[in-house]
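In this document, chain identifiers A, B, C and D correspond to the written order of the chains, with residue numbering beginning at 1 in each.
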Amino acid sequence: MIILGYIFIGIGAFFYFLGGLGILRMPDVYNRLQAGTKATTLGSFSVILGVGFVNMDYLPKALLIIAFIALTNPVGSSVLARAAYLIGIKPTAKTKVDECKGGDEI
Amino acid sequence: MRRFLSALIVLGLIMFFISTLPLIPEFGKASLSKVSRAFIDKDVNGNGGNIQYGVSKDLENGAANVVTSIVVDYRSFDTLGEVTVLFTSALGVGIILSGYKRKKFGREPNFILRVSVGILLPLILLFGAYVFIHGHLTPGGGFPGGTIIAAGILLLYLSNEEFDLSKTVKFVEGISGSLYVIVGLLGLAVSGVFLINFLPTGVVGNLFSSGIVPIIYILIGFKVGAELSGIVAELHREG
Amino acid sequence: MSFSVFIVTFFTWLLLTSFTDVKEILVGFFASLVVSVVMKRYYGIRFDLKFPLRVIKFIFIYLPVFIWKMILANFDVAFRVLNPSLPLNPGFVKVKTDLKKQSSKLMLANSITLTPGTLTLDVKEDELCIHWIDVKSLDEQIKKRKISGVFEKILKGVFE
Amino acid sequence: MNVLNYIYFILVGFGVLFSFLRMLLGPTSADRLAALDTLNVVLTGTIVFLALVFKNGLYLDIALVYGLLSFVETVLIARYLEGKK
């Protein structure tokens, strides 16, 4: 069980690394949020579950933290993306389609 | 040029902090004065071997957290004053900002945010209660717990336009403040000293193990939460 | 008091204190009672008699699909980030949803945010505005099937 | 298990470094806030991991408080950025 826990923690650390890299490399704020949110959410799940597996006493609280992150992290990035869209931050030049028509008519 | 300079300064500061790190003693190996050793021995982590977590009972003060025992038991009168300071500042904010008409945010609140705060808010309040109920066992207590509750109220204000709780806040604040003084007066009646710890203390590490400390921390938690929520409400009303 | 809030907060308290002590459970009972009395007006989810069935459906149908999609999403992100040429074809698209309840719409938005290549910007009545990292098609049916099809079917079974 | 701790901290350190760079470079404030959000989640996970390193369960409470405050912070700054019409 301890070995399984450490494997989970290692996978989570790798996804944290990927999240940072995605934040750095992607061309505009929306793509950055996509990469950052997905990678860090799965990374957190993996790390925290791994900690819960290594030490079984921590498992209930670890599950609680996982539920909390699953609820708050997508909401935070969604609110941030909406704010960026509303103040009219231009997406990258590769963006071809825009059905939401900017401004307040989301 | 300015950026380069600031980066240089930050690097220098980081080097300075790293170079001072080895000077800090290791955890649990600090050389203590007689007074702090005496207080720690009265609480839990005494190295003398006569007090142990989860075993010893009926101590002078059963809190597992030394800071809590000093703040809410030995120097409880001082804490009453601190809470009063916070109350005065909340009152000042209320007086300065009252009389303005309530303005709204420019944009209508986000749907996702509104619904998710609706689900999260009871859990945030419960977590604040958890922090201040376990103030004598964990590093926490009335002030952080109240702040967590106020953060929840702030989230509610950010996500919900039609919402006002100024009246309730004042009510809770007054009730918990006067209950604090009443607990102190009970100590005066029982043992002749204001705010003395007159309840029995149990085994160190249990939930009911520290006399009046948890009760006072619950009252402080309610009071601080209400005061900070009141400040948030006044600031939000001002726009 | 609101009974659904009470159940959720009491369960949260049990997780926080790790099911240890009778006194803790007693104190938690009172704490969640107070919270549920205070919070009866501002709460999104209402539970009813079918609640246990819903929990079972949520755990055994929704969660496996969700976790599988999340793992796929992360391999997708890894592929895009580690590829030197950054394959992107982003765009903002609108998707209609049939879900009615607020909480199920929230779950749908969160699920879309965490699954491959999509990020929910906003929900307005029955339309979701979504940033899609790789726009395949602008046809209504294909969009819906690619982005929200699976989750919408499952969430309809769980919440409504 | 000491080597594993080092591996974890090196990987996470690079992640933190990259998002920090984005926070310094970011052309708009939304970019900076996105980087900050990512950084906060990474730090929450790291605090949970510290519970294992220092063998002290209290770090889980701290992680919960930190996650809550970082959520409030992200939402607050985003609402501020939206501004008036």
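Everything below uses one rule, namely that contacts are C-beta pairs under 8 Å (C-beta built on N, C-alpha and C of every residue); 3 or more make two chains touch, one makes a residue touch a chain.
What you see is a predicted model; the values in this text were computed from it and never measured.
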Request  = Check A-C against A-B and say which one is joined by more contacting C-beta pairs.
outcome  = A-C
Query = Between chain C and chain D, what is the gap in Å from one C-alpha centre to the other?
reply = 22
Key: Chain centre separation in whole Å, for chain C relative to chain A (CA means)   = 14
Task = Indicate the whole-number Å distance between the mean C-alpha point of chain B and the mean C-alpha point of chain C.
result = 33
Query = If you look at chain A, which of its residues touch at least two other chains?
reply = 18, 21, 33, 37, 41, 57, 61, 64, 68, 71-72, 75, 77-79, 82, 86, 104
Request  = For chain B, jot down the residues that touch at least 2 other chains.
outcome  = 107, 110, 112-113, 116, 119, 123, 127
Task = For chain D, jot down the residues that touch at least 2 other chains.
result = 61, 64, 68, 71, 75, 79, 82-83, 85
Ask   = What are all the chain pairs that meet the touch criterion?
value = A-B, A-C, A-D, B-C, B-D
Message = For a test of understanding, state which residues of chain C touch chain A in their complex under the given definition.
response = 12, 14-16, 18-19, 70-71, 73-74, 77-78, 80-82, 86, 88-94, 109-110, 113-114, 117-122, 124, 129, 131, 133, 135, 138
Contact set on chain B toward chain A in their complex = 107, 110, 112-113, 116, 119-120, 123
Of chain A, residues touching chain C in the complex = 15, 18, 21-22, 25-27, 30-31, 33-35, 37-39, 41-42, 45, 57, 60-61, 63-64, 70-71, 74-75, 77-78, 81-82, 85, 91-92, 94-100, 106
Note = In their shared complex, chain B is touched by residues of chain D numbered 58, 61, 64-65, 68-69, 71-72, 75-76, 79, 82-85
Task = Going by the contact rule at the top, pick out the chain D residues touching chain A in the complex.
result = 1, 4, 7-8, 11-12, 14-19, 21-22, 28, 30-31, 33-35, 37-38, 41-42, 44-46, 48-49, 51-52, 57, 60-61, 63-64, 67-68, 71, 74-75, 78-79, 81-83, 85
